[in-house]
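One structure, pasted below without further comment.
Should a chain be cited, it is by its letter among A, B, C, D, E and F, assigned in written order, with residues numbered from 1 in that chain.
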Amino acid sequence: MATLGLVEYASASAEVRAIYDDIMATRKTDWINNFWKAIANDPATLRRTWESIKEVMAPGALDPLTKELIYLAVSTTNGCDYCITSHTAGARKAGMSDAMLAELQAVVGMANETNRLVNGYQVEIDERLKRAALGKR
Amino acid sequence: MATLGLVEYASASAEVRAIYDDIMATRKTDWINNFWKAIANDPATLRRTWESIKEVMAPGALDPLTKELIYLAVSTTNGCDYCITSHTAGARKAGMSDAMLAELQAVVGMANETNRLVNGYQVEIDERLKRAALGKR
Amino acid sequence: MATLGLVEYASASAEVRAIYDDIMATRKTDWINNFWKAIANDPATLRRTWESIKEVMAPGALDPLTKELIYLAVSTTNGCDYCITSHTAGARKAGMSDAMLAELQAVVGMANETNRLVNGYQVEIDERLKRAALGKR
Amino acid sequence: MATLGLVEYASASAEVRAIYDDIMATRKTDWINNFWKAIANDPATLRRTWESIKEVMAPGALDPLTKELIYLAVSTTNGCDYCITSHTAGARKAGMSDAMLAELQAVVGMANETNRLVNGYQVEIDERLKRAALGKR
Amino acid sequence: MATLGLVEYASASAEVRAIYDDIMATRKTDWINNFWKAIANDPATLRRTWESIKEVMAPGALDPLTKELIYLAVSTTNGCDYCITSHTAGARKAGMSDAMLAELQAVVGMANETNRLVNGYQVEIDERLKRAALGKR
Amino acid sequence: MATLGLVEYASASAEVRAIYDDIMATRKTDWINNFWKAIANDPATLRRTWESIKEVMAPGALDPLTKELIYLAVSTTNGCDYCITSHTAGARKAGMSDAMLAELQAVVGMANETNRLVNGYQVEIDERLKRAALGKR
């Protein structure tokens, strides 16, 4: 059970309601999921987090689906069940198919595996890779 | 320094050379980075890891750039410097611009933040999100 | 269900009972939570863990509330639900208000975010910061 | 080396300079550390991250030192060297003594240990702890 | 609930059934646990993961019990409940006693603690340890 | 550089020296590695950590080599370079061959991969596995 409880729309302050309204309008949906209701106990965190998410997840150099896939990859790595569920749902809404989900999870799995092989073998970074990471030849 | 040393092409077994050749041919490059040279000390791990990476990173429902972005997102979350460098390089090669890199990191940052807000507030999963994650209305 | 079961006071050995008694006396409480009952299956681990916790969480340069907040921050980062619950409870007992909990979680969230921005941008440590960390000007 | 390079004050845009000025004024310091210079390549991330940090780290229900200690505890858990260095420095500036640092690290160590004991023994959450976490008796 | 559902033997394709048969034959068991049924939605991932696990967990320089203990140690560190349960079961089948489980968890706990003490105190690697890790005197 | 510096034997207090002597005697070695010298700034942490390590790593139901392998697996998963180096060295001293190291890392890699596949597919724990984990049929 949410530690500080959930702030429902009906009993929310005007400040919180305005943010809820913006969440629903931006996401073209008619409900608020528990994450926002939980952090709404701290309106400053609700506002800051929503404004950040709204900015970060907006279309830009990366499209919204790619951003949802990245969010899901991180949440899967961290083992956050709520986040895996909500961003699986979010990615589906943005167009993720079952096949894309399966490929995403395969990549996440391999990345977590090879990250540890690198650690275990204590591999030094190639100078050539460093230059390539900087965008230099 | 790599714990078991690096297996250079010149001194590699025929089995390892064949894999190195396939890596270079598949990636259209003329060199092998340290990761493969390190795990080549265990040819079974080299073969298994390369075959898995080759299969997982091939174009499918997700394009190669998206897969590199996901790989980079996971490596960034785990703090694996070698992997961050090699997959920043890999993503650039697949078409990632500086703007895309910056947006990727912004999403990775927010995901790591909200994953913990969910933990800290002990948010319960909405039934509606569960259904949406399953692809049901 | 706890893998090795829970060792209840009534059926505990004299060695385990003595530790349970010390836990209750030290914490000024009349019950033992499941964590201790679970690890009591290995009396050496019970004793060592309790003695360590007792020493580490005692008032010192940091007061007990601050120590509970730190414990909760780590548990939240690691996503350990039992630990989040028990140390939210422990921190409340030590004086944490709802407002303090919310601010704690906001800091934990930001730290997890910026930790990854540092990784993703591969930021080098400033010499000036190194000196300051060492307590030098 | 920072992947996208560092944005120095002299060559920064007016937007970035204004944020740098605010960072220095808020922190009562005359320099900008590499973290900000690295993320300044993406002015939106610079602005959002600074505004969030400024808000989250300001004195509130928790004092600035406690917030720095929490930040350091998270960074230590995640193994982010830059962050450990910068927040060790930050905590010292806010009043952390060597003794406080040592006690902090002792708590962080124990929390990371017991988090895993809970996992390994698969300890179920006590109903009484749940109520206490919610602030109920 | 498994995001893509579970592929039961009765309704599985010939390709998936062949892998299920090999899992049961290799493990000398007459059932398939949910992990395989879940990833069977992506037959390529099922095949690749099973072949990798089969190769990696086979007796070699390390015996099967030691490999199960290592698997359990990693899963405990990552807090993956399914994995902790399945590899506690797997290790028991391979000969792990309750005493061995308790000692394993004690080591996992200490490793997680000292990993963070190293981070927090920013300990530099001794040259002598580096040589010893390389197998040199 | 170690944040609080390193406490060398020559300048150590009698309390610290006694612990250093016990470390060297127990490990049959004539030197102290940096980890102990770093935490010796807090003699209580030095004593507690050494006594715990001494107890936990002593031969019991698991032999010392197996314990070192488990320690190395956790350190690799967490990406603690100092710990990977020191426990690769420690495991070699206890008898780990290059082939064992390679197999260990292969298992660690697979465990980190499948831990995330379980997360990503949200696999529910089989009742049969739960019973088996408890040691019941």
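One rule holds in what follows: contacts are C-beta pairs under 8 Å (C-beta built on N, C-alpha and C of every residue); 3 or more make two chains touch, one makes a residue touch a chain.
Remember, predicted model here, so these are calculated numbers, not experimental data.
K.L.:
Taking contact as defined at the start, I'd like the list of chains shared as neighbours by subunit A and subunit C.
P.N.:
Output, common partners of subunit A and subunit C: B, D, E, F.
K.L.:
Among the chains, which is located farthest from subunit D on the basis of C-alpha centroids?
P.N.:
When every chain centre is compared against subunit D, the largest gap points to E.
K.L.:
C-D or B-E: which has the larger count of contacting C-beta pairs?
P.N.:
C-D
K.L.:
Interface overlap for subunit B and subunit D, more than half of numbers shared or less than half: same or different?
P.N.:
The interface of subunit B with subunit D is built from mostly unshared positions.
K.L.:
Please identify which chain has its centre, taken as the mean of its CA atoms, farthest from the centre of subunit A.
P.N.:
Between subunit A and the rest, the longest centre separation is with F.
K.L.:
How many angstrom lie between the centres of subunit E and subunit F, each centre taken as the mean Cα position?
P.N.:
That pair's centroid distance is 18 Å.
K.L.:
Where the centres are mean C-alpha positions, what is the separation of subunit A from subunit E, in Å?
P.N.:
27
K.L.:
Can you list the residues of subunit C that touch 2 or more other chains?
P.N.:
Subunit C, residues with two or more chain partners: 1, 3-4, 41, 44-45, 48-49, 52, 56, 77-81, 84-85, 88, 98-99, 101-106, 108-110, 112-115, 117, 119-122, 130, 133.
K.L.:
Should the pattern of chain-chain touching be classed as line, ring, star, complete or other?
P.N.:
Graph shape here is complete: every pair of chains touches.
K.L.:
Under the stated contact criterion, what part of subunit C meets subunit D in this complex?
P.N.:
1-4, 31, 33-35, 38-39, 41, 45, 49, 52-53, 56-57, 60-62, 66-67, 69-71, 73-75, 77-78, 80-89, 92-93, 97-100, 102-104, 106-115, 117-126, 128-130, 132-133, 135
K.L.:
Using the touch definition from the top, list the residues of subunit E that touch subunit B in their complex.
P.N.:
1, 3, 5, 44, 48, 51-52, 55-56, 130, 133-134
K.L.:
Under the definition above, what is the set of subunit F residues touching subunit D in their complex?
P.N.:
Interface residues on subunit F, with respect to subunit D: 3-4, 41-42, 44-45, 48-49, 78-80, 133.
K.L.:
Which positions of subunit F touch subunit A when the two form their complex?
P.N.:
The touching residues are 72, 76-77, 79, 81, 84-85, 88, 101, 104-105, 108-110, 112-117, 119-122.
K.L.:
Going by the contact rule set out above, which residues of subunit F touch subunit B in the complex?
P.N.:
Per the stated touch rule, the residues are 79, 88, 98-99, 101-103, 105-106, 109, 122.
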